[in-house]
Amino acid sequence: MNPDLRPLAEASASEPWYQPAGNEVELFEQCHAHQLAVMLKGPTGCGKTRFVEHMAWRLGRPLITIACHDDLAASDLIGRYLIQHDGTVWQDGPLTRAVRQGAICYLDEVVEARQDTVVVLHALTDHRRILPIDKTGENLQAAPGFQLVVSYNPGYQRMLKDLKPSTRQRFVAMDLDFPAAEHEANIVRHESGVDHATATGLVSLALRIRQLKDRGLSEVPSTRLLIAAATLSTCGIGLREACYAAIVSPLSDEPSMIDALRDLVDGTFI
Amino acid sequence: MNPDLRPLAEASASEPWYQPAGNEVELFEQCHAHQLAVMLKGPTGCGKTRFVEHMAWRLGRPLITIACHDDLAASDLIGRYLIQHDGTVWQDGPLTRAVRQGAICYLDEVVEARQDTVVVLHALTDHRRILPIDKTGENLQAAPGFQLVVSYNPGYQRMLKDLKPSTRQRFVAMDLDFPAAEHEANIVRHESGVDHATATGLVSLALRIRQLKDRGLSEVPSTRLLIAAATLSTCGIGLREACYAAIVSPLSDEPSMIDALRDLVDGTFI
Amino acid sequence: MNPDLRPLAEASASEPWYQPAGNEVELFEQCHAHQLAVMLKGPTGCGKTRFVEHMAWRLGRPLITIACHDDLAASDLIGRYLIQHDGTVWQDGPLTRAVRQGAICYLDEVVEARQDTVVVLHALTDHRRILPIDKTGENLQAAPGFQLVVSYNPGYQRMLKDLKPSTRQRFVAMDLDFPAAEHEANIVRHESGVDHATATGLVSLALRIRQLKDRGLSEVPSTRLLIAAATLSTCGIGLREACYAAIVSPLSDEPSMIDALRDLVDGTFI
Amino acid sequence: MNPDLRPLAEASASEPWYQPAGNEVELFEQCHAHQLAVMLKGPTGCGKTRFVEHMAWRLGRPLITIACHDDLAASDLIGRYLIQHDGTVWQDGPLTRAVRQGAICYLDEVVEARQDTVVVLHALTDHRRILPIDKTGENLQAAPGFQLVVSYNPGYQRMLKDLKPSTRQRFVAMDLDFPAAEHEANIVRHESGVDHATATGLVSLALRIRQLKDRGLSEVPSTRLLIAAATLSTCGIGLREACYAAIVSPLSDEPSMIDALRDLVDGTFI
Amino acid sequence: MNPDLRPLAEASASEPWYQPAGNEVELFEQCHAHQLAVMLKGPTGCGKTRFVEHMAWRLGRPLITIACHDDLAASDLIGRYLIQHDGTVWQDGPLTRAVRQGAICYLDEVVEARQDTVVVLHALTDHRRILPIDKTGENLQAAPGFQLVVSYNPGYQRMLKDLKPSTRQRFVAMDLDFPAAEHEANIVRHESGVDHATATGLVSLALRIRQLKDRGLSEVPSTRLLIAAATLSTCGIGLREACYAAIVSPLSDEPSMIDALRDLVDGTFI
Amino acid sequence: MNPDLRPLAEASASEPWYQPAGNEVELFEQCHAHQLAVMLKGPTGCGKTRFVEHMAWRLGRPLITIACHDDLAASDLIGRYLIQHDGTVWQDGPLTRAVRQGAICYLDEVVEARQDTVVVLHALTDHRRILPIDKTGENLQAAPGFQLVVSYNPGYQRMLKDLKPSTRQRFVAMDLDFPAAEHEANIVRHESGVDHATATGLVSLALRIRQLKDRGLSEVPSTRLLIAAATLSTCGIGLREACYAAIVSPLSDEPSMIDALRDLVDGTFI
C-alpha cells in the first residue's frame, strides 16, 4: 500500500464492535470472495456503517467511505486535474484510490447521488471490473480485493429519486434492521454505561415510538438516539429531560406529535 | 492556536450576557463533554446566537459562526484551492478551521443550506468525528474540543426544505423561546436605557402581537425589535412613532395587518 | 479615507435637494446615531434614492449604492480574488469598501437579490457589526459610521420573492410616499422650468392616474415622469404629445389602458 | 475618439435613409438634448433599427447596437478581465465603450435580457448618469452625448417576461408602426427595383395579412419580407412563387394557415 | 483562402449528386446573388443537407456545417480565447470563419439552438451583414460570398421551442419533401445496387408507412432507411429481415406499431 | 495503433463467450462491412454488452465503451484542452480516439445522454463519416474500421427522454432478448458451477418473475442475477437465501412485491 494514502484508507487496527443479527457476515464474506458488489438496505441508524467497518476489518481490507449527496459529481469520485506551477497534475478521487488499492469502497445513501456518479460504477460491477478514467485515458483494472458496497434507506420517501433497475441488478442486496430488543439494550448499556433497567426502558420506549411510523412520524428513532439519551442521564440530566432532548425533539417539530412522544416518555419512566 | 486565525475564531474575552431560562446551559455543557452535536430550535431573535456565544465563552472554546443560505456549497465550508504564481495552495474553509482548532462551529439557519453542505457534517457527528477533505485526500480527525451546533426556526414555513431524518438524528435538540415577560422587560431596559414602565409596556405589546401568529402574521416580533423601539424613544422620537417604525413596519407590508398592529400600539400607549 | 477609493464613495460636496414630508430625517439621524439599519418602503420613483443621498450628505458620510437583481451574488458584494501574473490579489466588493470606510451602504430593491446576498448582511445588522469574509479568513469589524440602508417597493407584486422575517426584523422601517400635491408641483417646476399652471396640471393628472392602481395599472406614475413630460413641453413638443410619450406610453402596453390614460390626458389639458 | 474603437462605434458617413411618419425625429432630438433615455415600441421589422441609425447619423453620435437575449449577462455589457501572460487586463464591454465615448447605445429587444443586465442601466437613466463597474471599482460618469435607447415588440407574447415598472419609468416611449401604404410601397420600390404596380400589390397583400394578427398568426409580415419577395420577382422567379417563399413560408408552419396565406397571394396577383 | 482553414471549409472537388424536385436550385441561386438568407423546411432525411452541399459546390463556395443542439452557445459559433503560455489567443468559431471566408454557413436543426445563439445571426441577415464579436471588440463585415442557411423539421413536435417571428422574418423559406416515387426508387437503386423491382417495392413500402404519420408514428421513414434495407438485402440478409432491422425497428419501440409495420413489410414482399 | 492508447482500445486477445440467438452476428457483420451504424435494443442484462465485445473480437477491431448519463457532455466524448505549464494541449476524448483508430465505439444507454452529445454523432453516421471538432478546427474523417454502436432498453419508462427520430433513423436496429430457457440454464451452469437441476430451477423461477412485468415490477431479473444466486448457493449459502439476496431484494423495495417474489422462490425450491 502506498503510505501516502494511508490516512484515507487504512485497515482498522482494532476490531469495530459488531454483533451479527443473522447470516449477514457470511453472506458478505462470500460476496467478497466472489467479487460481487453488495447493497445494504435499512433504516437510518440501524448499523449499516458499523457493519461495513466490521467487515472491512474482518476481511483485512482498507475502507473508503463516501457520503453521497445531490451534488456529488463523477469527478468527485474519480479525480480531477489540479493546476500546478509547472503544469497540471492528476489527483485520484476516493473511488479511484479504492480501485487501485483493492479497498472496500462504501457509498452511503447512494440514491442521493446524481446519475453520472452512479453510472461510473457500472463497469466496476460486472465481469469487466474496470474504472474508465476518460480524462486520463486510463482503463483502470480493479485490484483483487476491491469491492463496492452501497447503502440506502428504502423506507424514506424520496421524490423522483431512485436507483435505476439497471443499476440495482448489479448488486446482491442485504436487508438490515434494528437489533432485537435484548441485543439493542446491551448496545445501549455498553456504549453509555447506564444500568440494565434504564437501557431496557429506553429500548421499550423506542419500540413503542417505532410503531408510530406511517402515523405521522417520518422516521423512527435509531439506537444512536437511545445511546445519547442514556449518556445524558448518567451525568445529572434527568432521564425524562434526556429523552425529550435526545429522542423526542430530534424526531419532530410538530407540536401534537411532540406531545404524543413526550407522553410515551412519561408513560415509560413514571 | 495559530495566531493567524485568531480574528475568525477567538474565545471571547468578556462574558457575553445571557440569562438562562431553564436547564439549557447544563444540557449544552454535558453535550460538549460527551462530544454530542447540538441542534437549537426557536423563533427568530429568541437568543440562539447569544446562547451559543455565551456557551463558547463559558467553555473557553473559540466560536466560528456560519450563516447558511441557498447557495452555500460544501467547498465554502471545507475550503478550496487558490491559484498562486507558483502553483495552487489549499485554503481551509471555516468548518475545517473549527475542526482543526477544536472550536465550536455554529451553523445558523442550517435548513437553508444545500444537501451537499449538510452531508459533509455526517462523519463529524458520529463516533468517527472525521471531516473527509476529498480535494486534498485528507481525513481530518476533529480536535477534542470541537463541537457542532446548528439552529433553525421550526415555526417558519419553508417549502420543500427540511433536514433529512438521517441528519436530524445526529443531534441532541434544545427548544429555545422568548424570555419570560419580566425577564424580557429587564433585557429591554438594560440594552436601551428606558424606564421600567416603558419596558414593561413594550413587552406587553409584544405579547399581544405574538398572539397574532397563525392569524396572518408570518413571524412574531423579537426582543430585538422592542430594544430598537425603546432606543428610539429615548432620543426624541415619540414612543408610538418609535413603535410604528421599529415594530409595526418591519413585521408586515399588508395594510390591514399594519392597521391592526398600529391599533395595538395605540391601545398600549394611550 | 483612502484616496484611491474616492470615486466610488465620496461624501457629496453640494447638498442634494430634498424636502422632508414628515419626521423621516430625524428618524434616520437617530438610527444612524444608534447604529440601527434602515429599511425604506415606497413606490417606484417616490424619492427613496434622493432621500438616502440627502442623508449621506447631511451626516457627512460617503454613500455606496448597489442596485440589487436576481443574479447579484454574495461575492459581488464582498469581493473576489483576481488572478495576477504574480499570484492572486484580493479585491474588495462595494459592501466591503463601505464597511471599511464607515460609509452608508444603500441596497436598492433588496428583495430582488438572492438569499446568499441577503444573508451576508445579518452579522452586520446585530450587535456584532461584523462582515465575515470567508475567502480571506477575515472577520471585518464595521467602522463606526457604517450604516446599512435597504429599500423596496411593497406595492409591486413579486412572485415567491420576499424578505425573510429573520431579515426584516433587523431593520427600522420608514414608509415613504409621493410628495403632497403642492410640493410635487414645486418639484416639477423646479426641475423642468415649466410654469405653475402646467406643473399643477401635471400633478393633478398624476393623482388621477394613481387612482387606477389596482384597476389594471401595475404601477403608478412617479414624479420623474411628470418632470420628463414637463421638460419636453418646454422645447416645442405639445403638452399632450409630451404626456403621451413621457407618461402614458411608459406605463402600459395594453391598448384599452392606453386609451383610458390618453383620455385622462386630454381631459386634463383641454 | 480612440481610433482603436472606431470599428465598433463610428458615426455613419452617409445618411441612413429614413422617412419620418410623425414627430418622432423631433421628439428623439429633444430627448437627446435633455439627456432622456428613449424606449421604442413597435412590431418586428417596422424600422426601429433604421430609425436609431438615422438619428445617430443626424445627431453626429457614434452608435453601438446590442442584440439582447436570454443569456446576455451584465458582464457582457460592462466588460470583463482577460488573463494575459503578465496578469489580467480589463476589457470594456459595448455599454462601457458607449458611456466613455458619449455614443448612442441601442439595446434591441431589451425584454429578452436578464434582470441583472437591465438593472445596470438604472443609474445611467436618472440624474446620476453613472455606470458603476464593481469589478474595477470605477464609477463611470457618462460622457455628455451618451444616450440610452431600448426597443421591444409589445405585440409579441412573451411568457413571464416583462420590463419591471421601475425600469419602464426611466424612459420616454415612442410608438412606431409600419409606414403608411403609399410610403411602404415607395420603400419596396426603392429597395428592390420593382415597378409601381407590383410594389403596391405587395403592400396591399401585406395589409390583408396583417389583419390576420390575433387570428392564428403570431406575427405579421414586415416590410423586409415585401422587399425580399419583390427582389426575387425581378430576377426570373414568378411573383407568386416569390411571395410563397419570401412571405408565406417564413410566417407559418401551420398547413391551414399556409393555405389561407397562399390564397391571399393568389387573390392579389391573379 | 487561408490554407490552415482548408479542412473545415473547402469547396467540394466533385459534384455532390442532387436531382432537383422543383425550382429550389434557381431560388437558392437568386437568394445567394441577392445576399438573402435561406431557411430550409422539411422532414428528417428528405435531403436538406445534400441540397446545401450541392448548392455550395454549384456556387463554388466553401461550406461550413453546424449541427445545432440544446447546449450550443454563442461562443461555440463565434469563438473564444484560449490560454497560452504567453497570454491568451483568440480562436475563431465556425460562424466567424464562414463570415471571414465568404463561405455558406449551414445551421442544421436551428430550432434546437439556444436563443443567444440565434440572436447573433440577426445583424448578419439584414442590410448590415455584420457579426459583432463583443469579446474582441470587432465588428466583422461579412465577405461577399457569405450566406446563411438554416434548416428545421416543421412536422416534428417540439415543446416550447420555436424560432421567434423576429428571427423567421429574416429568411427566405423553401419547403423540401421526399422525392417523387420513381425518383426515390432511382436513388435507392443508385446508392445500394439493388434491382429495379426491389427498389420500387421499398419505395412503395415507404409510401404506405408515411401515411401512418399522425396515426402514432412520430416520424416517417427517410430515403436513408430504404437504402440501408436495400444494402443489407444485397449481401445475404433476407429482404424482409433487412426491412425489419433497417426500417421497422428504427421507427418505433411500440409493440403494436411494430406489428403493424411488420405486416406492411410482409404484405409488400410476399 | 498508437501504443499509448492501447489500454483503452485494444482488440481482445481471447474470444468473449457468446452464443447467438438468431441472425444477429451476420447482420452486425454486414452493417460493419457497409459502414452502417447499429442500435441494440433490449432489457437490462440480456447481453448487449457481451454481444458487442464478441463482435469487436470477431471483427478484430478495438472496442471503446462509453456509459451514457445525464451529465455526459459533448466535450466528454470529443476531448478538451488541458492547461500545461507551456500552454494548452489538446486531449482526445474516447469518441475521437475511436474515430482515429477505426475502433468500434459503443455508447451504452444512449438515451440517457444529453442532446448535444447525441448530435455530435450525426455527421459520423451518414455518408460524410466525419467528426467536426470545433475547438481545434479539425474535421476528422473516420478511419475505415470505425463503427458506431448504441444501445438502450425500450421497456424502461423514461420521462420526457427519448432519442429524436432524426437520430434513430441513422441506425440499423437489432432487438435482443433474454436467451431461450435451455440456453440460459447452460449459461448459469457455465458461469457459476451449479448442477443442472439448480440451474434449470433458477431459470424457471426467472421466467415466472418475468411474467410480473407490467404488474408492479419495474424491470425483470436478468441472467446476471441468476448467476449471482447460483454462485452464492455453491459456497454454503442456502439456495433460498441466495435467491432472496441475489434476486428478490435487488428487484424491489415494495413489501408486498417482495412477499410475492419470496413465495415464488419458495414454490420453486420446495
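When the chains are written out, they are named A, B, C, D, E and F in that same order, and each has its own residue count from 1.
In this text, a residue touches a chain if its C-beta (ideal position, glycine included) is under 8 Å from a C-beta of that chain, and two chains touch if they have at least 3 such contacts.
Since this is a predicted model, take the numbers as computed values, not measurements.
Greatest centre-to-centre distance from subunit C is found for F, with centres as Cα means. Distances between chain centres, each the mean of the C-alpha atoms, put E farthest from subunit B.
Chain centres here are Cα means. That of subunit B falls 60 Å from that of subunit E. If you average the CA atoms of subunit E and of subunit F, the two centres end up 30 Å from each other.
Chain centres here are Cα averages; for subunit C and subunit E they lie 52 Å apart.
Each of the following residues of subunit F touches two or more other chains: 83-86. A ring topology is adopted by the chain contact network, closed into one cycle in which each chain touches exactly two others. Here the chains link up into one ring; start at subunit C, go to subunit D, and the full order comes out as C, D, E, F, A, B. Listed in rising order, the residues of subunit E touching subunit D in the complex are 23, 26-27, 30-31, 33-34, 36, 39, 41, 73-74, 81, 83-88, 114-116, 118-120, 122-123, 126, 132, 134-135, 137-139, 154, 164-166, 168-175.
By the touch rule above, subunit A contacts subunit B in their complex via residues 5, 7-8, 44-45, 49, 65, 67-72, 76, 82-86, 91-94, 97, 108-109, 112, 153, 156, 218-219, 221-222, 224-225, 228, 231-232, 235-237, 241, 245-246, 249-251, 253.
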